[in-house]
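Pasting the structures here.
Shared chain: chain A. Partners: chain B in the first complex, chain C in the second.
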Partner chain A sequence: MGAVKNMVRGFLFTGIYVVFTIVIPLITFTLLFNIEGLPIEWEKQDQQNITFWLTAFGLLVSGFAFFKYSSPKQSIRKGIFALIQVIINCLYLWSYRFSGAAEITFIIVDYGFFSLSLAQMILIYMGIYFLTIILKVYDVIDFTINREKIRENRMKE
Partner chain B sequence: MRPSRVFRLLFRIFIFLLTISVTVVSILGGLSAILILSDTDNIQPDFDNAEFNLDINNSTLEIENINFSLPFKLNNTGFFDLENLEVGIQLFLNYSDIGMMNDTKVVKILDKTQNFGDIPKGVIGEFVFFGENSSFLHENFPHPITEINWLRGPPALEFYANFTVSLDYSIGMHSLSITILNLFVGDSSPF
Partner chain C sequence: MDFLEVLAEIVGSILIFLKPLVVPIGQWMVDWITTTTQFFKENLGASLTFYIVICAILVVSGIVINILWPGDRPGSIFSKGVEKIEEYEDKIGVSEDEDIVDEIKRCKDCGNPVGDSEICPLCGARQI
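Moving on, here comes the complex of A and B:
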């Protein structure tokens, strides 16, 4: 019964991650790229580039979310998948930088252009992810050292 | 609960609070950008009061003095202080070149960036950009006798500018720059 529950949990979280890492960012960028009524155009025709990287890393993050959330609580397997997922999350965030999504430039027709740089913000989020990586490494060590105690507690439940 | 789990929980709460703080600052920063950019009166270069002085020696037609000033206002309607406000102006001279069969030629005569510091939130910053004689690129000026066709036009000389305002907000997390290209700023004709 526990295994089925874990599988359902895994699929549920995969769905949530797909929505947050692929669907919402893609809808946001599609709306931005197709803004109408304002005299602005995208300077870079790199919609395909942004879409590709967000989808690629979004799928990886969502895939690892399944393995993480379908693993038993406090298991070494869960710890390792959680660590890999955080590292891929970092790459996902970094993909915003190298796909051009962190440096948004609009052409204001017959006037000039304006650009918005979010690179600094992404670096701050990367710092937070670094702290999360420390936490996940700590988890893996904790789950390994206290393996027997965790098993005993699981049996009692 | 095992002590290691208690430590983990505290560390996790710390990361959560950090994430929430950064997210709130990011959202307010985005809203600030919308508030500032949605009203064109918030960033107002005062081109009506811009001054462009060009002193040409009547006998030698040499440029003796040249300077340019542009007042502008920036209203910080956002949630944070605007930091590191910089205004950059590139000034171009358009003239007819006698040596090139009176072809129209454009040369850059000024490329200057001036830093005006910070504007606290809710404050309208009033500044004057000033390009003094020494900051002009005198080596790019065409020779007044052998190159400029003073009989063109009028006007014989036309001045255009690229105007860039750049600034940081949300405690430096977002950087914004607005550039106005090819703006006519004045002309000159001795005849």
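Moving on, here comes the complex of A and C:
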């Protein structure tokens, strides 16, 4: 029963991650690239580049999310895969930047242009992710040291 | 509005205070992420096959590992083997103990093992 419950949880969270890391960004970018009638032209974007890297890292994040969320609570494997997932998340976020999606220049016809830089916002996220990495490393150490105690408590439940 | 200004000043002061610590951390994060993403871009940027395969491997291995080790009880496949081994060990252990205990001859007076000798080496009592 525990295995089935774990896997259902894993698939559920994988679905959520697929939606939020792949589907929604792809739909958003596709709409922005293809929408007509707006007095805005994309100048710098490379749609293929952005969609490729979002899909690639989104797949990795979703795969690691399945492994993480299908693992038992406070298990060492959950800790390790949570740590890897955070690191992959950093790459995913950064893919917005090096794909060009973090520095968007809008050209408004007959008016001028303006640039929207999300690089600073991503840098702040990176700082938060650093703290998250530290926490995940602590979790792995904690789960390893208290392995027997955690296992006993889990068996009692 | 005054409250917001004070709050902004406090937050600004904290950020300025933490800047010497935060900037190197951010720079380090940027360095390793840039290096890694550059590696991906140069070596694994041609097709999505690699990423799809990794994702599939993670999901399949996650399923297999959960079947073997679900976490709330010992693993389903290996636990049966372990249980059988423990049963055999218990049986062997009990029978050996019983045999050994039964076979050992002890002194009638002091209980010391005497083996085949007729006189107890400890208390000297005759065993006939």
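The rule we apply is simple: the second predicted complex is superposed on the first by the 152 of 157 C-alpha atoms of A that agree within 3 Å, B and C clash if a C-alpha of one lies under 4 Å from a C-alpha of the other, contacts with A are read in each partner's own complex, and residues count from 1 in each chain.
The rule is simple: contacts are C-beta pairs under 8 Å (C-beta built on N, C-alpha and C of every residue); 3 or more make two chains touch, one makes a residue touch a chain.
Nothing here was measured: the structure is a model prediction, and the numbers come from that model.
When the two complexes are overlaid on chain A, chain B and chain C sit side by side with no clash. By the touch criterion defined above, A:G2 lies against chain C but remains apart from chain B after alignment on the C-alpha atoms of chain A. When both complexes are overlaid on chain A, the residue A:Y96 reaches neither chain B nor chain C. Of the two partners chain B and chain C, it is C that touches the larger number of chain A residues. In the superposed model, A:Y111 lies in contact with chain B only, and not with chain C.
Geometry note, superposition on chain A: angle between chain B and chain C about the Cα centre of chain A is 150 degrees, to the nearest 10.
Touch criterion met: A:F67 reaches chain C, while chain B stays clear of it. By the touch criterion defined above, A:D142 lies against chain B but remains apart from chain C after alignment on the C-alpha atoms of chain A.
Contacts of A:R77 after superposition: chain C is touched, whereas chain B is not reached.
Of the two partner chains, chain C is the only one that A:F130 touches; chain B does not reach it. No C-alpha atom of chain B lies closer than 9 Å to any C-alpha atom of chain C in the overlay.
Of all residues in chain B, only 2, 4-5, 8, 11-12, 14-15, 18-19, 22, 26, 29, 33, 37, 162-163, 170, 172-181 touch chain A in the complex they form. Listed in rising order, the residues of chain A touching chain C in the complex are 1-3, 6-7, 10, 14, 52, 55-57, 59-60, 62-64, 66-67, 70-73, 75, 77, 90-91, 94-95, 98, 123, 126-127, 129-130, 154-155, 157.
Touching chain A in their complex are the following residues of chain C: 22, 25-26, 29-30, 33-34, 36-37, 40-41, 44-45, 48, 51-52, 54-59, 61-63, 65-67, 70-73, 76.
By the touch rule above, chain A contacts chain B in their complex via residues 111-121, 124-125, 128, 131-132, 135, 138-139, 142, 146, 149.
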